[in-house]
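In the two complexes that follow, chain A is the common piece, with chain B as its partner first and chain C second.
And then the complex of A and B:
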């Protein structure tokens, strides 16, 4: 059997207390919310910790105002995917939450955990025995990268479905740490590094995600994976656009699972600004969006095919925008 | 004092509500709910498969919703209602889903069956007359290597019809 390692479980009553515990314990402790990412990784000995700090105190509410929606970090992916306000105002976010893994996993996995989910790699997300036999890599226990042996860095893949969507929607997280509370755009939460993939401090707890409602806002998320359920994304496109009449006033396209962080497709957005979403525009934008994506051979299926499919998922996501109420002819 | 102990523990005395009965147990906190059910409570109806959240055979209901017991710590679900396959029948009366599975032959090796029965039970409680698509979506976290799913879906439809 694959068992969890022995650990202590701490139960802070607030984010402040949790941050204090994390700072005191250092690298030997980790936060846990739903545990759906952390527990499999602990079973495979991808982390070595002796203490878990339970985030059971996190809120479970989705608060809708006229100008914004605040989602507590403890909200489950199931609850977020079914919430009628999120589905109405931030459809792409609800979709992304509903496409994570499988229904029972989404009943436990939280939206905060999904923003902080570990980067993935075929050589890393394996049991200790497998990794020992194949040779360890620099993300855990070793010193080289097995995918790109001459590379000084790790290229493990950002595999969150909701993070790209939260970035496309201009989301902002609230972080509570030892030094108090601060807000950070989700786009600033990540670093281009497979190992140190989060830009927040380790003692900081994500307590909520804020999405701002804007007139004419539309969003969509399209995910590629081997099976229609359970699997992590191997490519994905999160698209949000603010429409003025039938013209795109502003838009953001963020790609999943093609880099160590959610990848902004800026050139495509610059191109789309001020244009109508007709078929030709969609195709040209999708070509531009796919250019910066450089998937490596460290996730499911062939990376050449994944690269080709990035254009397709962006195209599908943009088409979905034009299908939404008030959409345009293509 | 009790509060202090509860906030920093390696072992814990937990009261779990399993199939409507409270059970008090002293368990190491790193034991999963799956392990505690099978090894400490002898409730071996809940199966272990991948133990990594990928197969769904360890599914139990927590407050009526399917959860993967291989990824749940008992300390995180104290006080919540846990239902395992052993809790589906009332006395000698099987749940209509269990009867339908037996009649239609929706189990072959049977390893996935407890998890699928519980996912289906949760679905029917929320949605007594699900469409085929809704049944498939509800089972999208439960793998079956034997049946090809057709008879499983048919058995759920049969049970739903009888319960309506």
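And then the complex of A and C:
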């Protein structure tokens, strides 16, 4: 069987202590929360570290105030998906959390972990022996990109379901590092690079996610994958909109799994502002939203099909908004 | 009957669900060494040199072996002894075993593998049927077969094919493709060996204890009596553990070298390389029919992508042509098959061995013919059904046949004929047949295929049989047969199975043979034992039914001494009078019919299966619970093949050798399955029973594809039926092109001249 490498497991009692440990160990250490993605990657030697810094100290609460909801980073994905406040006020977020992987993994995986989950590529998510036979890629042990050999960069795919939704909802994360605490919009947490996909400093721990409640806020997440469970997204649409009457006052559409970071579909949002969500508008917006998506041949099914499906998932997500209380004309 | 026909739990259910069952990987005798195998990173390469010196120096490494330590070739079929446990001359696929290392723990063995330096001379890989048919750029993969990378040709012709086509009112040709896929057993292959007092003992997760025994003897160059093979508790095979495997030979050799127990458990990735799964098959079929849809002649061609070694491939090739006439009365039939070598893990037998592919093509082909003629496809198929107690044109003997009853059951239950018609919703219908055990052994011999001994003493009953329970329930069937005859419960019967030292032979859990053959052997042994008991009780002036079993056994033991009986089963010699007639004959055939109901989304091409109705003619259900389990498992596996599973390659490598990326349906993807057991009371099966483990898979893929046509009006002429293919077929339909996705052509294959065989006289009259 594939065995875990030997490693030291550290148990800090606070985020500040964890950051200190991370700064001291540098690239030889990683944080671990649920570990549902990390442990298999250790077995496949995609991550080679000698120390894991456990994040058991993270809170497990969801605090719902009148203007915002704060979710501790240690909340499990299954708890987030079942939480009545989240389901009521931020339905798309609860939905996205409930669509990650499978029930056993959602019971272990955390919302903080899913925000930080590694980018994926089917040339990279393989065992050491397979990658050695294929020729190592630049994301681990090699120096070229196997999906786009002439490209100077890595095209691994952002594969979080909750990150696009958190961005669409204007979420803000709290980061605790050596230099103290700071807040960062989730949209600023990512970079367009398959390797250095996170913009936070390596010693910083995501300790919570804050979602702001707004009157008339509706949200939906549609995930595309081959099977009803287990699979990572191969495309997805997170949509959040603030309604004034039956027109859209503001909206944000973020795509999952079609780039190395959650892809903001700004043109579609500009188009939607001030419009009513009738069928034609939905179709036009979906067309605009799909344009920047450029999936490559490094995830399940063909990238041509995935590209065509982006429009469909955006439409479906927009249509789902109208199913929510006080729905739209369609 | 008291226990036959009752839905009793499996006799081994408790140890399996409580974790008490001991699988090979659970075994850890004192001083066990762990083995890792270094595999080729190249699909096709000459091995120039292997330097193991650095690996040998690593502390904890006790033995390092290469192909020169195990040079004798082996293979499951006597005609294709082309494998080595370790290759030291040439690597033929990514994953081919090159070096094996035994160390005190697994990490050390893995690190030592990484320290081995192998120098390769890389050769051009051959990765497709077309490439295999062409002149190789560097060299052929194997040094036998040919031309080019052809492994095996089959060309047979039964009856007057030319005349059959001449009298047809309509002739149609189609091309289909069935992608390869793998078994995906829950338990990875595992084996552990000891070497004590000059004797090897191997515990393995295998389906074929006896054939592993023979292969070990051959490669280790030890007589069979110095080798003992024991089947460990088994976590699923589906045909994937039916060959002797490199790791089984390797651990035995390493145990002989080190004198310590040596264990090897394959990783999931290595299981994908061990493979022996479904052959990718390209098919061409041409059929002539009369105005009313009666078949007058059929010509079926197949091309199998065999992977790098022979495995069961010769048999697989025959099987792609053998069973077409077992469901439909085909008066004249020509079959041409061709298997090629490619630089991929070897293909072999997977549930349905060589027959799901032609079944897919045949069922869809007939659907299309019916539409050409303006006939209802189901009615047209039924018009051609074979009749019980007939011989097919290729000399296969059909006895019991519940095809018509199976068809009625699923049509009625599903409401197929009155189904709701709306875009995106469809139903598909298909039928199939499968063997209840191959009529011939893997190697030529006249001995029985299955043997059972029964011992009774002091009120206890023990049955001994070489049969290997791979989860299909063969232990339960043995216990049930013995219990029924002796008037006991299955739980009263102790079993000793799958151990070459202590049990008489059974050839193995393949070809759906165990219930039929071991069941008949058990029946004979149990009836003999009952006779002894009855006689002894009668001698005491009583009737067997009046006394306790303890009393009967004491009376019999006192009168006759040691109480043992034996039974055996040898299939009837019913093969036809032609070369190649050994593949296809079976003492009985099971029959299945199935209806699939699905929704297909025209925008995404995604398919949601709503329900499957399936009827299976099992002859007699010795345990209906086990039969339903086999049928439902077959439906699951058939849906996986139909919709998503594919063993595919990219740049010479298996594209996704992992359970996350190789897609197989999850619980959520599994629809409701309604199973109907049809009983036809086969004259030769034990209590009338036939097989259930493989046949019910066969109708599922064509029924899925037919349902997609029903839903969207497009033909997907290949599996898996993926969303991208559906979307592409719809695009073609919208553009006014042929509303179809599938292979465009069948390659020109230099088949040899056919062997012409007359069909049996009066073959469908029930007179032969």
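Everything below uses one rule, namely that the second predicted complex is superposed on the first by the 330 of 330 C-alpha atoms of A that agree within 3 Å, B and C clash if a C-alpha of one lies under 4 Å from a C-alpha of the other, contacts with A are read in each partner's own complex, and residues count from 1 in each chain.
Quick note on the criterion: a contact is a pair of C-beta atoms (placed from the backbone, for glycine too) under 8 Å apart; a residue touches a chain by one contact, two chains touch by 3 or more.
Note that this is a predicted model, so its numbers are computed, not measured.
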Point to revise | Which of chain B and chain C A:35 touches, first, second, both or neither | key: first
Point to revise | chain B versus chain C as contact partner of A:201, first or second or both or neither | key: neither
Practice item. Name the contact category of A:2: first (chain B only), second (chain C only), both, or neither. Key: both
Review point. Which holds for A:279: it touches chain B only (first), chain C only (second), both, or neither?
Key: neither
Practice item. Based on the superposed arrangement, let me know which partner A:12 touches: chain B (first), chain C (second), both, or neither? Key: first
Exercise for review: Classify the contacts of A:63 with the two partner chains as first (chain B alone), second (chain C alone), both, or neither.
Suggested key: neither
Practice item. Based on the superposed arrangement, let me know which partner A:182 touches: chain B (first), chain C (second), both, or neither? Key: neither
Point to revise | Partner chain in contact with A:228 - chain B first, chain C second, else both or neither | key: both
Practice item. Quick one: classify A:294 as touching chain B (first), chain C (second), both or neither. Key: neither
Revision key, fill the gap. Overlap of chain B and chain C contacts on chain A, residues 1-3, 5-6, 102, 228-230
Point to revise | Parts of chain A lying in touch with chain C, wherever the complex brings them together | key: 1-3, 5-6, 102, 122, 125-127, 129-130, 132-134, 224, 226-231, 300-302, 304-305, 308-309, 312
Point to revise | chain A partner contacts - residues on chain C that touch it in the complex | key: 25, 39, 41-42, 94, 106-107, 110, 188, 265, 267-269, 603-605, 644, 651, 653-658, 660-661, 663, 665-669, 722-724, 727
Check your understanding: Where on chain B does chain A make contact in their complex?
Key -> 6-10, 12, 28-32, 35, 48, 51-54, 56, 59, 62, 65-68, 70-73, 75-76, 119, 137-138, 140-143
Check your understanding: Quick one: in the complex, what on chain A touches chain B?
Key -> 1-12, 34-36, 39-40, 43-44, 54, 56, 78, 101-105, 107-108, 228-230
